[in-house]
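Okay, got some structures for you below.
Each of the two complexes below includes subunit A, the first together with subunit B, the second together with subunit C.
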Partner chain A sequence: MMQSFLRSPFSTLITFITGMVVLLGYFIDVDPLNVLRSRFLQWTVLLAAVALMLGVFNLMRVHWKRLKESSIKAIYSFAFFGGFLLALAVGGLLGVQHSLTRAVIDFVIIPIETSLFVVILVSLVYALTRLLQSRLSAFSFVFLVTVVFSIIGSIPLLGIEIPFLQGGDGILSLMTRVLGTAGVRGLLIGVALGSVLTGIRVLLGLDRPYGE
Partner chain B sequence: MSNGIGLLIFIALSILMIFFTVAQRKKPFTLRELAAFQRLRRAIGLAVEDGKGIHVTLGRGTVLSENLASALIGLGVLKRLTTVALIGDHPPIATSGEGSLMLLAQDCLRGTHRRLGLEPQNLPQKALLAGTTPYAYAVGSQMELRDGRVAVDLLIGHFGNEAALICDVAHQQGNLIIAGSDDLTAQSVFAAAATHPLYGEEVYAAVAYMDGDALQRASLQTQDVARWVIILFLIIASVVKLVGL
Partner chain C sequence: MEAQRCPMCGQANPPHLEVCQYCQARLKPLWVEPSEGSGSAVEDGIARSKAPLEPDEPLVPEWLRTDRMQIDEGASFNAEELGQEEPLFPEEPLDTDDFLGGMFSDEPLGDQGEDVPEWLRSLREDSAAAERPLQSAKSADQDLPIPFWLDFDEGAAEEVPPQSPSAIEKVPPFKEQPFEDIDIDSAIFPSEQEAGEKLTSEEPRAVSPFETFEPFLFTEQPSQLVEDSTSEPEAAEVSSKEGKTSPPAAEGDWMSEIPPWLETLPGEEWMESETAEKEIPPEFLQGAVPPFVETDEELSEIEFPAWLDQVERSIEPELDTVIESLTPPAVERLTTMEEEKGEVPKERPEALLEEEDAVEMVGPLHGLRGVLPAEPLVAEPKKPSKALSELLLTDKQRAQAELFLRMIEEEGKPQPIPPSRRAKPHLLWRVLIFLVLFAAAAVGLVLRPFSSAPQELSVGVFDAMQAVNQLPAEAVVFLVVDIEGSDFAEMLATTNALLDQMMIKGAFFVVVSANQTGALQADRLLREVSRLNGHKVQPSSGWLNLGYLPGGVAGMQAFAQSLPQILPNTVDGEAAWQDKRLQNIRSLADFPLVIVITEDSTRARQWIEQLKGQVSEARLVFAVSAQVEPVLRPYYEANPRHIQSVLAGIRDGAIYETQSARPGWAMQLWDAYTLTALVAAGLIILGALVYFLIGLLVGRKPPVEGKTS
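After this line comes the complex of A and B, so read on.
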């Protein structure tokens, strides 16, 4: 109990001090502050790398447990360890510039990722049909029209330019430049405000989304 | 000059938020209804009754970039959900695509358990790094959904188009999918693939809708005020440009 009582204000204090130094170092150009700021950022990079390693160890632990349990997911865990050991042996022992490592990347990793990209495309088309079936509304209609217009705009129709639709002053260009950009800006303003206020809450120690 | 304005905006927003927090404690204002959170409240109750789980997908936001903010919202949601889900002894599963986010999620689950006087069980399996690249992360998250023990899927954080893969499996399992991100590609994916997509700043309102905390509501109020200031600024700037001043 005592430990948790001490831990929370202590970690909040560290968050506040480091956060303020980094923030003020960004806004105010003073040498000691800049040095401290870049030192803190270097530490963050190191800690992020250590966290990634811990994450990988955690993943191995989870998959090892699944292998031992011989559950239905064990086959995925088996594939995980196979891939992990292959990557470790090829990349770790031979180095990333070795021809065998390049071959693994070019003939295994890239084709798998490309196929997943195609799966995404198929699942998005399926999701669109689902949207029209289950949530037929003005929004889904506008969404569909936008998708269709965007596809028409990005695919050359046998080299023929449709008047009023394609080209610099066409409807498609107008939709992208005016409506599209306005929508994107509106969403980004909302996201930026939300991000800034979340940052302020955490930085001032008012909100602590992790821990107790 | 621009640095000075940035600092001024930071100070103004901080003061405004503290002012609204005090005002909220005296007289809380009512939030407009968002269908996603109404549905979420019901779905959590049903999931707890059925003994099913909740999956929180925290995305790939890193501590070194601005996209961590949406992941912090995801963590805030995870914290609130864990408190409710522990009633049914089924803590949520949290998957992340970044090591530091996984550690924060584990800390979040551990802290909530201890606050309720419980000892966390199988923590490495409850908050895990599902993969380190976007597609590996999506496929790793899919695995947590395939056994039918999850009823609600919350995707809150930084994603790309790989979120479509997670939503697809969640839909196959018949799960309720509530999804929001800071990324525009992910938002457009969610518009088609999620049951209840959250657009723009809606994702940042998630925690305020889950509990009546004055600070969270004050944050929303500050966001609203700042948005109106920006809108006014844009209108005035457009008029000035149109007139040719």
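After this line comes the complex of A and C, so read on.
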């Protein structure tokens, strides 16, 4: 029912009208248009917050189902409910500035995420060491050499600076500023063109991500 | 009783059946009593159905033409004239044993019911009692006759007086064969005496059941015979009696004239000799072949007239000449050659001759010779051939079918998963890498300084320092903090000197985050900077946390347009824009400096795009992770710039601290960072060489690019 409604021409018409209002309001400085555009954007923020709440409820429903199945994975669901209720109680009741809330941030969230980041570091080093064994090719060799030079070029070698390698006019700096910037510019241009085409397709109803 | 044969299929059937049990044909035909006018009507129908006599039928004899004309004129025949005609068949006594004889009687048999069974008598009495009131109302002579099917009785049939004309005219049904009891020769061609007797007989005749169906040739033949057998005066008398049946040929009638081409035919002498007796049929009809000749002996017994032999002898040479002219010599030679080779039998086998000359013994074609045996060949049920029940396959097709079956069977079987060619994880090497990196970081933190501080002033750091230095005292700075916990240490080192400088100037921070945990990270970041640099900035006095900004890009756009409407309250629930330090702040353009702190390149790009036009480029500073710097550099190096400055990574933070002469967290991490990065690079180089050599020594061919393992 809902899917058929979202796929109907009515939903496409709504998308077209709102999209055109926001887009024209970006280029045309007219008060009624700006007011309408601001109103639509506020509704967007509100609906996004509601969607976040729905996501939270959906996550709870999934874990609640796992708890009822009493499988091995139920222990993770139990941990989720424990952490969710704790965060809800601490953040909602005590507030962000409470010492207990800060302790949760300082001793739970940040250490866990940092340790995961360290694991990523070890895994990347390990993968680079075995790159030439698993896939021996010119691109692998180029990638490996680029990584090594980037690392070395970002740090001083124990206080020793190699003249043509490091420094503002060195090879590493040129690689970063010229080659790296050129590549990123190309990526950004591609992203911009893709964004424009995607916006046009959504406005014309050719792409309907809201109906999928 | 004997078994009765089906007239259609000839199979024997039990006598009590009325329908053939083989072909469902009716064994005992139902005869409906013909009315008085039916005979003439049928005869008229026959006459009308015949094609009109056309002048291009020169071979029709004169007598036949006369008869056809009579039939054409016979529409005015009535029943009385027909009744006075000479009976076709010799009168036979009515077979009283035949129970059907009484079936067609018109006389009511109610009074003749001595042999009527009890059930029928009671039924009649009941019906009579029921109809008595009605009969009283009717006249006495209007007795309703009992239906013939109810009046059927053998005894009654026996008592039917033979003088009853209605009973006499009833058609006696035949029992077995239609012409079994009829002497066709004598019936059709009676002798002169019999003809005279029949002609003078005034007795009512028994109408033959085939009277209305007999060909007119047979029906009219007796009158012709009579004329033939009598002299001309007698013939004239007879013709005067019959009147319309044999009218004299009118003079000048074109039908009576012989066409010229017919005069040239052989036998014209005969025709000329017979022209004087136009009304007399030719003699050859007296010895005509009977319609049913079963054997050659019967055929040979027939004496053909002499004139026919004469015609045959005269025509035979001419026919031979014509046949020889029609047969090409080449065909004749081929036929002779085939006969010599034995490919064509010179004489047909006797069995085939017998089969062809066999006389049909059953069915409607009974008595005819040379009937094509259609039924055994066409209608006889046959078993389906073996080829239809068994599939004929060639060896190649069979092999392909077997291969296809094997493929299907193999598809259903579980296939063992092939061993992955991926290199097995070396746990020891992983642990060794971790231990080496951890040791390098620990040594860098404990045993510092290992390296000198970065002395080079980058462009980004310089621009950032200028933006901070231009801030007025106690300025309100807008902070966007979109960082995760994993990057907190790096972002703290990057922004430590920047935030420290602003805290020194007494800046007030308004914090917002597009990340779910960004608000908490921002609060912790400010607290850590304050703690590391010795400031006593508290949340309420030093910053205002607006919390999480939902909606992604749309939320950024909405927030950039109208701050108070999107996020009116702080994370503590207080009215954010009621603070006295924010009274003059209604949009992003009102902030003297906007700093975006993020480690996500996508989020950094989105903020640049959504803040453009709302914030002046000179007031926009980005403090990002080192991995985001390449993405922001095009915006920073553009002309004109989209952003004022970029601080990227620990290196820029350390430079900022060095330039501001306030070593802090970045400088504390700098030695550990450089040593760990150096060790990591060494491990990569060493490990790559070792594994490359191992691969060469083991002889395992590394997979070629493009072919995944």
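What we mean here is this: the second predicted complex is superposed on the first by the 191 of 212 C-alpha atoms of A that agree within 3 Å, B and C clash if a C-alpha of one lies under 4 Å from a C-alpha of the other, contacts with A are read in each partner's own complex, and residues count from 1 in each chain.
The criterion applied here is as follows: a contact is a pair of C-beta atoms (placed from the backbone, for glycine too) under 8 Å apart; a residue touches a chain by one contact, two chains touch by 3 or more.
What you see is a predicted model, and the numbers here were worked out from it, not measured in a lab.
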| item | value |
| --- | --- |
| Partner chain in contact with A:V184 - subunit B first, subunit C second, else both or neither | both |
| Partner chain(s) touched by A:Y76 [first = subunit B, second = subunit C, both, neither] | first |
| Subunit B versus subunit C as contact partner of A:D106, first or second or both or neither | second |
| Which of subunit B and subunit C A:S137 touches, first, second, both or neither | second |
| Subunit B versus subunit C as contact partner of A:L52, first or second or both or neither | both |
| Contacts of A:L116 with subunit B and subunit C, given as first, second, both or neither | both |
| Which superposed partner A:M20 touches (first subunit B, second subunit C, both, neither) | neither |
| Partner chain in contact with A:K65 - subunit B first, subunit C second, else both or neither | first |
| Partner chain in contact with A:Y126 - subunit B first, subunit C second, else both or neither | both |
| Contact residues common to both interfaces of subunit A (with subunit B and with subunit C) | 41, 44-45, 48, 52, 112-113, 116-117, 123, 126, 128, 130-131, 184, 188, 191 |
| Residue numbers on subunit C that touch subunit A, as the complex places them | 422-423, 426, 429-430, 433-434, 437, 450-452, 454, 456, 484-489, 516-517, 519-521, 523-524, 527, 539, 545, 549-552, 554-555, 557-559, 561-562, 565-566, 571-572, 605, 626, 630-631, 633-634, 637, 649, 651, 673-675, 677-678, 680-681, 683-688, 690-692, 694-695, 702-705, 709 |
| Touching residues on subunit B, where the partner in the complex is subunit A | 3-4, 6-7, 9-10, 13-14, 17, 21, 62-64, 66-67, 69-70, 72-73, 75-76, 78-79, 96, 98-100, 102-105, 107-108, 111-112, 114-115, 124-125, 128-133, 135, 138-140, 143, 146-147, 161-162, 164-165, 167-168, 171, 182, 184, 187, 189, 191-193, 199-205, 207, 215-216, 219, 222-223, 226-227, 230 |
| For the subunit A and subunit B complex, residues of the former touching the latter | 4, 23-24, 26-29, 41, 44-45, 47-48, 50-56, 58-59, 61-62, 65, 72-73, 76, 112-113, 116-117, 119-120, 123-124, 126-128, 130-131, 143, 184, 186-191, 193-202, 204, 206-207, 209-212 |
| Subunit C-touching residues of subunit A, taken from the complex the two chains share | 38, 41-42, 44-45, 48-49, 52, 95-97, 101-102, 105-106, 109-114, 116-118, 121-123, 125-126, 128-140, 144, 147-148, 151-152, 154-159, 167-168, 176-177, 180-181, 183-185, 188, 191 |
